[in-house]
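Alright, structures below, take your time with them.
Each of the two complexes below includes subunit A, the first together with subunit B, the second together with subunit C.
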Partner chain A sequence: MPEEEGESLIHVAIKAEELFQLGPLHVTNSMVGALLASVVLLAGAWWFARRNQLVPTRVQSLLELPIELMAGIISASTSRWRSYAALILGFFLIILVANWIGLLPGVGTIGIAHVDETGHEAVIPLVRPASADLNFTLGLAIVSFVMFVFWGIRANGAGGYLKELLGQPLYMAPLMFPINLISEFSRLISLSMRLFGNVFAGEVLLATMIALVPILVPAAFLGLELIFGFVQALVFALLAMTYISTAIAEHHSAGHDSDHDTDHGAAHAAGADHPPAAEAASA
Partner chain B sequence: MRQDEEPARDGNDAQPAESPNWALGLDLGVRLGLSVVIGLGLGILVDNWLHTSPLFTLIGMVLGIGAAMVTIWRVARDAMRK
Partner chain C sequence: MEFLAAGLAMGLGAIGPGIGLGIAVSKAMEALGRNPEASGAIFVPYILGIALAEAIGIYALVVSLLLIFVAPGAA
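Moving on, here comes the complex of A and B:
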């Protein structure tokens, strides 16, 4: 009997499990996790908008901490950081909250009991961390990929972007085009698989530890998962930012700096267009 | 948080400008392997479809290895531009 109990505790499905059907929509436990993360973020934003003070309270300082960290990194990336700062911050916060929701008591343990195909009794958790579902991470990676391509086209023009994909000289295009295409797609898969793999591995690790040593030991792994959740959110946001800033930097190095200077002359003069870190360094 | 307040607050923090490099390094290892896997996978798919095995598997593998090399070159180029 203890073996059977152990089996049911270690049960972590690789794909999100369906809870119920809402018309054509199959509602899964990871959707509930994503919805919870969104509600937490929206509630935080609402609270922040109402209680925002010039001299921050302790709670406000705590909420500002991750935002300030990311704002510092983003503002030091390129001169056009304001255009994509909201997207990168959004990535970071939604992944961070989605990862940390998985560590709350009851998430992954409270659910609907059912008998699976093998005849074993298992529990379908009501909530699953959204980033432990490949659909969620792939969705985020696709948004990031589209934005990266959008910035590439915006910076270099459609022709310039195509030229980059075809490679130079042009007679090498039949070889370079598939190579560049594979290289581009590896970004998409790398972004989504890394986040999914790390968070899902964390879920499996926690479930295994709880099954093996239910007292004290899982607490250490929960602490580790807290750090991993933060690091993975940071890595995803940083990579998305690096891809976008690289697309913009290619434009700058291609000799269009003069265009940029005229476009952003006013902001430049006001000091708002400079990366603050660069300003500090020059000072 | 108002946007126009950010530069002043972060102005003294020069450290973050270097942070994305470690993320790129972390990404590079995964992308090298993935490029070969994608090329090989596509080659196997085309071979299964056209019954030409192992022609496209080999072509896919070579393209995947090529994509991995191009990825290294691009990352190095972008890092040197900074």
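Moving on, here comes the complex of A and C:
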């Protein structure tokens, strides 16, 4: 337990700590967290495949709730939502499960005692929430980056994608091209940093609160983190979806016009699709 | 010195997103109050706007974390 450390009650490590080495692979505790999230999802999928019923039981409808919410949002985005629905849903579920695993009791407290080079005694937690590691979030962001570039190229052709990067009046291209290129890559950074920053800050917040007031107060922050974990998963999935759907959007004349059009269409479809989405949100 | 810088980066960096989030949420609530049926249509753009505003605050957090953990003079 980190509380027995004495001098510093707050155990914060920005890097995922290494547990053991498996050949050339350094197995860190956030990898354990990611694996745990995958196992939970796979078990859920297996359970679903085995015993889903047309009239859902109580547990089944509870598990269907987040999927139903996301399905309502995704199917309202563009007409070609079927091509990217699985990816977005996958992002949402893995981040949601990975975030919530970090809130389970024992995660971050149960670990291996370890004395580092300076003689400092510390505990390496066995499990670390995967999204509190930049490697995990950057990996997800790279996947979404590759996918929205890929879909953009497939929808508009390589020339169309390049034209998009060059900007509208061609004589402005020397100025616009670097800016557009930077803005493409800043999506990658902001996607990964947002998720990492939020979850890591949540971990630090919880550790600080537990160190300051060990009783009752951390429970309130745990509840807050429960909401944040959900919101961040939703935000990541929605942003990835928005990037992809603007990449595959049909371009009429100017970039701005088509952006507006898709927005309008999405709003309309969401309005028409309102009852199931609201049901999922309120239930 | 790094800790002071980190604190300043986070504190000053939180002002902008704070104001931005306040405006976004107040407008969303206003819209919801005027037209409660539009909650489904408001929800997704609202979450996206919140996320984009919040990203600026996260950048500040990242800078201060870098100052604390990665800066040359840091422990």
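Criterion: the second predicted complex is superposed on the first by the 236 of 283 C-alpha atoms of A that agree within 3 Å, B and C clash if a C-alpha of one lies under 4 Å from a C-alpha of the other, contacts with A are read in each partner's own complex, and residues count from 1 in each chain.
Assume a residue touches a chain if its C-beta (ideal position, glycine included) is under 8 Å from a C-beta of that chain, and two chains touch if they have at least 3 such contacts.
Keep in mind that what you see is a predicted model, and the values were worked out from it rather than measured.
Contacts of A:Asn180 after superposition: subunit B is touched, whereas subunit C is not reached. In the superposed pair of complexes, A:Gly223 makes contact with neither subunit B nor subunit C. Shared-chain residue A:Ser190: touches subunit B and subunit C both.
Once the two complexes are overlaid on the shared chain, A:Thr242 sits against subunit B and subunit C alike. When the two structures are aligned on the shared chain, A:Asn198 is found in touch with subunit C, with no touch to subunit B. By the touch criterion stated above, A:Ile73 is placed in contact with subunit B and with subunit C alike. Once chain A of one complex is fitted onto chain A of the other, the partner contacts of A:Ile14 are limited to subunit C, with no touch recorded for subunit B. The wider contact with subunit A, measured as residues touched, comes from B rather than the other of subunit B and subunit C. Contacts of A:Arg82 after superposition: subunit B is touched, whereas subunit C is not reached.
Counting contacts by the rule stated earlier, residues 72-73, 76, 190, 193-194, 234-235, 238-239, 242, 271, 274, 277-278, 281 of subunit A appear in both its interface with subunit B and its interface with subunit C. Interface residues of subunit C, counted against subunit A in their complex, comprise 37-41, 43-45, 47-48, 50-51, 54-55, 58-59, 61-62, 65, 69-70. Considering their complex, residues 52, 64, 67-69, 71-73, 75-77, 82, 85, 175-176, 178-180, 182-183, 185-187, 189-190, 193-194, 234-235, 238-239, 241-242, 245-246, 249, 253, 271-272, 274-281 of subunit A touch subunit B.
Contacts from subunit B toward subunit A in the complex involve residues 1, 3-4, 6-17, 19-20, 23-24, 26-27, 30-31, 34-35, 38-39, 42, 63-64, 66-68, 70-71, 74, 78, 81. For subunit A in complex with subunit C, the touching residues are 14, 72-73, 76, 190, 193-194, 197-198, 200-201, 231, 234-235, 238-239, 242, 263, 266-267, 270-271, 273-274, 277-278, 281.
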